[in-house]
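Right after this note come the structures.
Okay, so chain A shows up in both of these, paired with chain B first and chain C after.
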Partner chain A sequence: MSVSTRRLQKELTDIKRDGTPVGIELLSAEDFATWYLSVEVLGNTVYEGEKFALKFRFDNQYPISAPAVQFVVDDHYTAPVHPHVYSNGHICASILGSEWSPVLSVVSVCVTIQSMLASCKKKERPPDNDRYVSHAPENPKKTRWDFHDDK
Partner chain B sequence: MASMLDRLLASDISDPTDFPDAATAPGLRAFDDAVRCTICREFYDAPVTLTCGHCFCSACIRSALPEQQTCPTCRKPASEVHIRKDVAMETAVQAWKNARPLILRLASEEAARKAQPPQPPHARHDSSHSERTGNKRRRLQSPVIVSEDEVIVVPSSPAPSGSSISDSLPDTVLCPVCQKQVPSQKINAHLDSNCKRFLAEGSTSGSGPAAESSKSKQKQRWNQLFSGGGTGSGAPPRSKDKDKDKDREKGKGKARATPDTDDEPEHLPKVAYDIHPQKRIAEMLAEWDLPTHGDKAALTRRHKKWIVLYNANVDRAPVHRRTLDQLRGDLRKAEDAEQKTRKETVDDPVAYQKANKAAFAKLTEAARPKKAVPATAIPAVQTQAEDHGGQTTDSAKTGASLVTAEDVIDVDSEGS
Partner chain C sequence: MEMEEKEKDNETTRPSNARLEVCDQRVKIKKWHAIAQWRWDTGNNDPEDDGEGDVCGICRVPFEGCCPSCKMPGDDCPLIWGECTHVFHMHCLLQWIGTASSKQQCPMDRRPWVTAERKVD
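Right, the complex of A and B next:
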């Protein structure tokens, strides 16, 4: 069994036994290639009452290499309107790119994105949304991101 | 949903959550977590530390550092030269692995006891074997009380081993202390060994047999070491090694000057694969009797993995070190496992085509060139050229179709 599979099995065990943090739910994990989790921002925020779905895709180098994470955009779900989230669901977050660390996990990524949404004051798309979306690769990991206004 | 999860979790994996929560068994989960690598979440295998003090499996951190030269936990700058083995942690992990089954069982008994409404304490006193039951109070309160009849079977004096009398006794008895099945004529020796030895075969996960088998394995490994670096195919012949040593000696001439430290194997140096032709990389693999099939990328991947496995093995305590043959087996297993997740094999192409007819039709449709998409806008975020084979202008046109094509492939692999 590959390292990535064993690691994901352990994460799944933890989720099953201990549950997920408030506002985060496992929607489906039918194999060790793609998982879906839902994220809600609780409390008084601009996303009150909205529920989003995150799609995780893992390669066989996980957790050494980052998972490909994006918001699901389909009949049921949309991407949140946020300065770091493109309308196709791609997320501009450093921990999903150059700042990924193998000690991070699926749940910790969800928590980070949850807090990224929670700290948002104003709902708006990234300024280059339309240009990016029309040329974006299918997999957000293939985009070379420039992390500008962090920290 | 639950059944789906169970399917994925079918295989038995150990996890800190095996233990009851902190309210029932304070510190046990935390302890089990503390002796696990934060990268792979397994018990530390060849634990090493970085200058910041964070600990990882040698193989894990050696795989992670080439990606990013920082500590995965605290992000302080780190590099492979900072790696130091953590001998104390290795000892602790080994001890915990041996102790874990017993602790786990005691902890779950404790959890079961707490879950039950408190029972009125039993007034019975079984003085017949009082000196053995140090934790008597717990045993009496515990819901899994051994009936006294069973305990009484324990012979009061050691039966002479191999005597014909012992044959008439029941084969196994329940040990009054650890409550596992023990061959009846061995019960005293079992108790004398603190319930470690002489567990009956098939009794639940005893640490005894495991410890003994690991001991005999260690013996084997020592024998292999002493018989001149492995049997035949073990280590590469010394003469072959010499050529390589020339490369290795650069910058560490002094260390090599003292041949006394010969027993301690050295780490393999990193290789700049880009400057070597494919043939040279194949040679480097052949020096270690490793397979040399595949393209340059595959050879490079294999050699990189080998260096990680080899260097991690050097970081193990000598008693836990694996032989080169075992390491080759590890490499093969790792490659197989990665292959499995990389590609699915199609046994019957005709049946496969039939089964996926719709998907293929969709792919064909998606691959047809689309008109009417102006390729004028400048890409806002540059896409990596190598991923598209340099067709930056084409990606604008076929971007949409690529999406569907890849999606369909994903769906296929999930379905199998």
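Right, the complex of A and C next:
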């Protein structure tokens, strides 16, 4: 059994025992390669009433290597309109790249993204959305992100 | 374990029997210190902690157990402390520090990792 599988098994046990934070739900974790979780931003925010889904992909180096995380864009879900979220679901968030730490987890990533959405004042796409989306690799981890600082 | 053995060996080269006894005792006490220390330093005395004890933040396996890279439960899987006081399985931390993306930082506080000298005395 790989190291990533054992770590994910522990995370899954914790989720099943302790539940997930408010607004976050486990949609599916059928194997230890791909998980889906939903994220809602509660309270009075620009995303009121919207529900998004995050797709996590893990390689067998997880948690030493960061998971590939993106918003699901399909018939049911869209990517939130946010200055750090591209319309193909890719997210420009430093914790998914240069600021990843192996003590983070699936749930803590969801919480971080949830608060990134909660603090958004104005719904808009990143300025380079169209250019990025037309050239983006399928896996967001293959993008070399230049992280804009959230001020 | 290994350290204790080594120290004993050193002591047996000493000439006096009386001294050897004293030193042997000291060695034993030292070992107790070491155990007590690491249980305190990880310092998570949360009563909610369902008896699982302290876990390594990287692999989430309790420190009493070995890390997932150690296949056999009996494998020697030491712990490592940073000067920041954070503690991990040595194998887990070295795996992280070995990656470029770690920037040699502690996973908990992202300060440059400096392994603490554990003085047993």
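The working rule: the second predicted complex is superposed on the first by the 150 of 151 C-alpha atoms of A that agree within 3 Å, B and C clash if a C-alpha of one lies under 4 Å from a C-alpha of the other, contacts with A are read in each partner's own complex, and residues count from 1 in each chain.
The rule is short, and it goes like this: a residue touches a chain if its C-beta (ideal position, glycine included) is under 8 Å from a C-beta of that chain, and two chains touch if they have at least 3 such contacts.
All values reported here derive from a predicted model rather than from experimental measurement.
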Clash or fit (per the criteria above) of chain B with chain C on chain A: clash
First, second, both or neither for A:V46, with chain B first and chain C second: neither
Which of chain B and chain C A:K10 touches, first, second, both or neither: both
First (chain B), second (chain C), both or neither touched by A:S65: both
Contacts of A:V73 with chain B and chain C, given as first, second, both or neither: neither
Partner chain in contact with A:T34 - chain B first, chain C second, else both or neither: first
Chain B versus chain C as contact partner of A:P102, first or second or both or neither: both
Residue contacts on chain A - larger count, chain B or chain C: B
Stretch of chain B, among 4-12, 22-30 or 220-228, that runs into chain C once the two complexes are superposed: 22-30
Doubly contacted chain A residues - partners chain C and chain B: 1, 3, 6-7, 10-11, 63-65, 98-103
Chain A residues touching chain B - in the complex, by the definition given at the top: 1-7, 9-14, 16-18, 28-34, 57, 59-60, 63-65, 98-103, 128, 131-132, 134-139, 142-146
Residue ranges of chain B in contact with chain A within the complex: 1, 4-5, 8-9, 11, 13, 15, 17, 38-42, 60, 63-64, 67-68, 70, 72-73, 75, 334, 337-338, 340-342, 377-384, 387-388, 395-396, 399, 402-403, 406-407, 410, 413-414
Chain A-touching residues of chain C, taken from the complex the two chains share: 57-61, 68-69, 92, 95-96, 99, 101, 103, 105, 107-108, 110
Chain C partner contacts - residues on chain A that touch it in the complex: 1, 3, 6-7, 10-11, 63-66, 98-103
